[in-house]
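Some structures are shown below for you to check.
Okay, so chain A shows up in both of these, paired with chain B first and chain C after.
What follows is the complex of A and B.
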């Protein structure tokens, strides 16, 4: 299906370590990493995304969070939030 | 005793309204004081009671029991599965997942999120957004503090009859001592009994000079020998040159003979860089520059007459007021004259006429100070009349930069030994100006009123921090400059030379234009005859044109009349 294709395409990009789709309760719907890692990411990133979203909306109520990028020493975590789901991709940016 | 009051009311009057009426006061009971009871009490006097006219409040403290809090993270191992799904069972979870995946919402969401995500992934792969694009630049320290100076010490002339401090010289090593020459520069107005002593002061002790130098006539200039700090050279009011050795005492070690000395006060003396360290030269308003060797100071070794016409006529020589010598250019020296001209001379020239290389004129009055820029020897500073000017050796016609005309005469000036664009000037109204050409050209960067009387001389210490200036009443003030004025700024090395070059260039262009204009004028003077012929031609032409015009009009008029007449009948 299209969804499959999209996810596969994302996974196949250069530098992508892992992709996962998580729902609002923290259940991994689709993931390329193991369960425990996924659940950890899900739980933590969900809270962070909520916080980020509320920050953005507090500053300007008509604004909304579209994307969240966390760059760390080892890799970059990208979170695309939705009402119910979170698309999380971990990439190693080539430098 | 009971107090009882009985009142009666009729039943028919129950519920009736009350009618109030006034009545006289009635004494119900009267209890006189009983003195026996007083014995049970003790009188207390005075009574001290505090009264306060506010609401009384009470204060209470309470301490709650400690509530311990701790922040902890939770490590989720398993997601929040709905109740009916058992996370342990693979089948159930798979079923749940499949159900979610079929949800339309899910599909839409993923498509949308996917596209955004891809965009960012590609971005990441394309460029490194955190790359440092600008290499580490040195943070230029922008200090907000303005340049400032504060007075540290004041050295007053201990004599009763005050003389002006005409020259200052710092001790060559360590800068702990200051030699000041005192004299009265007013022509023949030196009061009777004025002492001719000059002093060496120790900076630590401003009350009493460390050493007195006793010349035969007051000293106008005084210089330490840069090679030997015990030797000082002085130029006297009567034209003689004297030198001292501090170890020998305050009397002159040796004095030049009057016959061979200058005829006028010696205004400039400078030590030369020589192997023996005993050579010096002096200049005076009698128009001569003399070279001396202090070992044999009875006669000068060389004399140059400052005659610009190069004929060595003493009568037409210009009087020298300031002398300049830079140890990096040992064969050249410059003299500033009373007439406002700077003469640049070459010592090594063969004939005396060739000694004078070129002149720079531009000042209206005597040039009191002349100094080359220690960093850019091609540029030099002159101070005279009401301005200070900066010259470049290349442009001979005028100075490349100059200050505006001040209200008071400028008496002395010096470059800062540390910063190439900074120089100091003193004025007759007692102010010391610090100019920073890199910072501001039209005004001094800092103007300080040092004293009420005129300032005659100034000297900067080699490290650029201290300035000593001498005044008309013999008071020497020692000032300390703050960082901005005394430390090398980062921008200086780049801006300074380009500024000088730019100004020199400008002057050159002006010079070229002047030359052109002069040539044109010469050409014009020759072409004047031709012009006159042309003008007569013009008049003739005009006359001819007038006649023609009038002719045409007359013929036209006649023609019209003829036609009119023809039409009449």
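What follows is the complex of A and C.
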């Protein structure tokens, strides 16, 4: 499907280390990384996204979180929350 | 023999001595003689052998009052001095026997209490004993409790001689009675207990009400969400009330059920599509971060030093595998979403005609188009509707026109012309949306090599065509017999509609002529310009100045006209066939032209009337021809398409975007009036020159 293609494209993009799809409870549904890493990322980022979304909406309830980027020394973690799902991509922007 | 005898004697006598020792305990006086005698006679075998001298030795024994078991030197640790210190006096008291007595002094509290008690009991006994002759049984019951079985034992023992006892006792009661002491040996107590009923527990428990744990947070946004949901529900109920059709409701419900079941079956992944799109853009933004930064913020500082010249900074490059071998035949920016542009792919080569593609890219995602449509025939031109930015009209090489609706994700066009509905017989070179007609129907024009300019109207989802003008080549009408007038039909290759005068438009033809036409006159042109020696590739009205338009051609020239004057105002020779020319949206004097040798030329008439202020090869390989160019309405960028299917995005350096300078004391006037005035000034100069010559 189109979404599958998009995810494939993202994965094959320059510098992308891994992608994963996490559901509303923090359980990973689809991933390109190994299990332990996935579970770790899923749990931690799920909580962080919830907190971020809560923050944004507390300030203005009509607002909502579009995406979350965490840039670290080694790479960048990008989280795009959806109504029921969470899409996480880890990319190394500089290479 | 004698030792044996002595042994026997010793043994027996030993026993005997033991016996006698025991006996001596009881018979002290009588057994002493025997004991002394036996002592003299018998010698135990293990007795010490002592000499007489030793026997006679006197041993003194002293009796002291010291306790032989008491320690002689007791040492206690003194914490004050931190050493062990001997205690001087050691207690010599030795206790041999202790017994706790139970004698209480008479005068003490306890003694007095006991005495009082005895008096009480004696008093009660008196009263009891008086009645004893009559109520024996009662006493048996009562008295054991009162007198603690004293009387009971009396009664038990002396049951037979009761009357005698009574008299004795009555006599006794005259004297203060002494309580009889109970002794351990013949005292007995009798008690009885009734049977205790067994206790029973009866309980009844009901089933506990079902419980669940519920937890939730109450944030401001949760409250807001709840209110919004409530509002939506209310609105839905209102809608349902309005549509009161029971049958419709049933079908609605069925449809709903179907929908829900379908949704649950469908792949969960599809719901991530929105998020996936966002993430893809983010990933691209990261990869092309420097380009994005350049796009937004980079201003070529060298322009300060370069007098009047500017540069084009290459930004993104858009290409797609599917469109690799197809040339870019059309470019159009979306009027509403300024980062979205449409690219039409096809082929200019007459011999190699294959399929066509329509791709829509967003600058936010340079690696993949947002929308892809493919068609059987090459796309030659396209236009996006101003009011409905999701409608794209496309003209094909086979003469068909089609409308794509971006809102619907089909790969097929929503509406298509057919041979029946009056498609062109030659490639459609340009299409343009018009304002909606009086019936609010969508309306567009197309021009084609078959010489027809057709107006298409979308009436109830069908394309209806109206021939507006047939391009007749002037001077070619020949009279044939029978009154027929044959005329050669010109091939229209480009057209442009005036921004303000609605009915006025220009058509460029393959013969090199430009006709000024009106929508209302179908047979005659308002004016004709002998523009070029070869086919006119593009015509374009100036966005600010109502009189000026521009044309370019494969004869290497770009010409700028005033539509009232038959000769061009400015002519530029660019050394190579000019593919496309476009006015800049921000200035009336700036325009860009692209040539087949891969160069882009930017002119600013206010700065330099004769030369380009920027002349830059844009495409990598020299064999790559640039086919189209378009300015972005708001950003200082242009997109350039080439015949390999690549679209390059370039940023205009500041010199190319010069605004009129501030004059001292005057405010900078912005707006179309200024632009018009600017161009007018230039034109006047040219006109003056012309009039002079």
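As a convention for this text, the second predicted complex is superposed on the first by the 94 of 95 C-alpha atoms of A that agree within 3 Å, B and C clash if a C-alpha of one lies under 4 Å from a C-alpha of the other, contacts with A are read in each partner's own complex, and residues count from 1 in each chain.
Simple rule for what comes next: a contact is a pair of C-beta atoms (placed from the backbone, for glycine too) under 8 Å apart; a residue touches a chain by one contact, two chains touch by 3 or more.
Keep in mind the model is a prediction, meaning the values are calculated, not measured.
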- [ ] Evaluate whether chain B and chain C can sit on chain A together after superposition, giving fit or clash.
- [x] clash
Task: Contacts of A:2 with chain B and chain C, given as first, second, both or neither - done: both
TODO: Determine, under the contact definition given at the top, whether A:14 touches first (chain B), second (chain C), both, or neither.
DONE: both
Open item on the list: Looking at A:39 after the superposition, I want to know if it touches chain B, chain C, both of them or none. Which is it: first, second, both, neither?
Closed with: first
Open item on the list: Per the contact definition in the header, classify A:85: touching chain B only (first), chain C only (second), both, or neither.
Closed with: both
- [ ] Could you say whether A:62 touches chain B, chain C, both of them, or neither, answering first, second, both or neither?
- [x] second
Task: First, second, both or neither for A:54, with chain B first and chain C second - done: second
Open item on the list: Just checking: does A:28 make contact with chain B only, chain C only, both, or neither of them? Give me first, second, both or neither.
Closed with: first
Open item on the list: If the shared chain A is used to align the two complexes, which stretch of chain B, 117-125, 315-323 or 459-467, clashes with chain C?
Closed with: 117-125
Task: Where chain A meets both chain C and chain B, residue numbers - done: 1-3, 6-7, 9-10, 13-16, 21, 23, 29-30, 66-67, 69, 76, 78, 80-85, 87, 89, 91, 93
Task: Touching residues (chain side chain A, partner chain C) in the complex - done: 1-4, 6-7, 9-10, 13-16, 19, 21, 23, 29-30, 54, 57-58, 61-62, 66-67, 69, 76, 78, 80-87, 89, 91, 93
Open item on the list: Going by the contact rule set out above, which residues of chain A touch chain B in the complex?
Closed with: 1-3, 6-7, 9-10, 13-16, 21-23, 25-30, 35-36, 39-40, 42-43, 66-67, 69, 71, 76, 78, 80-85, 87, 89, 91, 93-95
Open item on the list: Could you list, by residue number, the parts of chain C that touch chain A in their complex?
Closed with: 219-221, 223-225, 267-280, 282-284, 286-287, 289, 367-368
Open item on the list: Taking the touch rule as given, give the residues of chain B at its contact with chain A in the complex, in rising order.
Closed with: 74-82, 96-97, 100-101, 105-107, 109-118, 120-122, 124-125, 128, 130-131
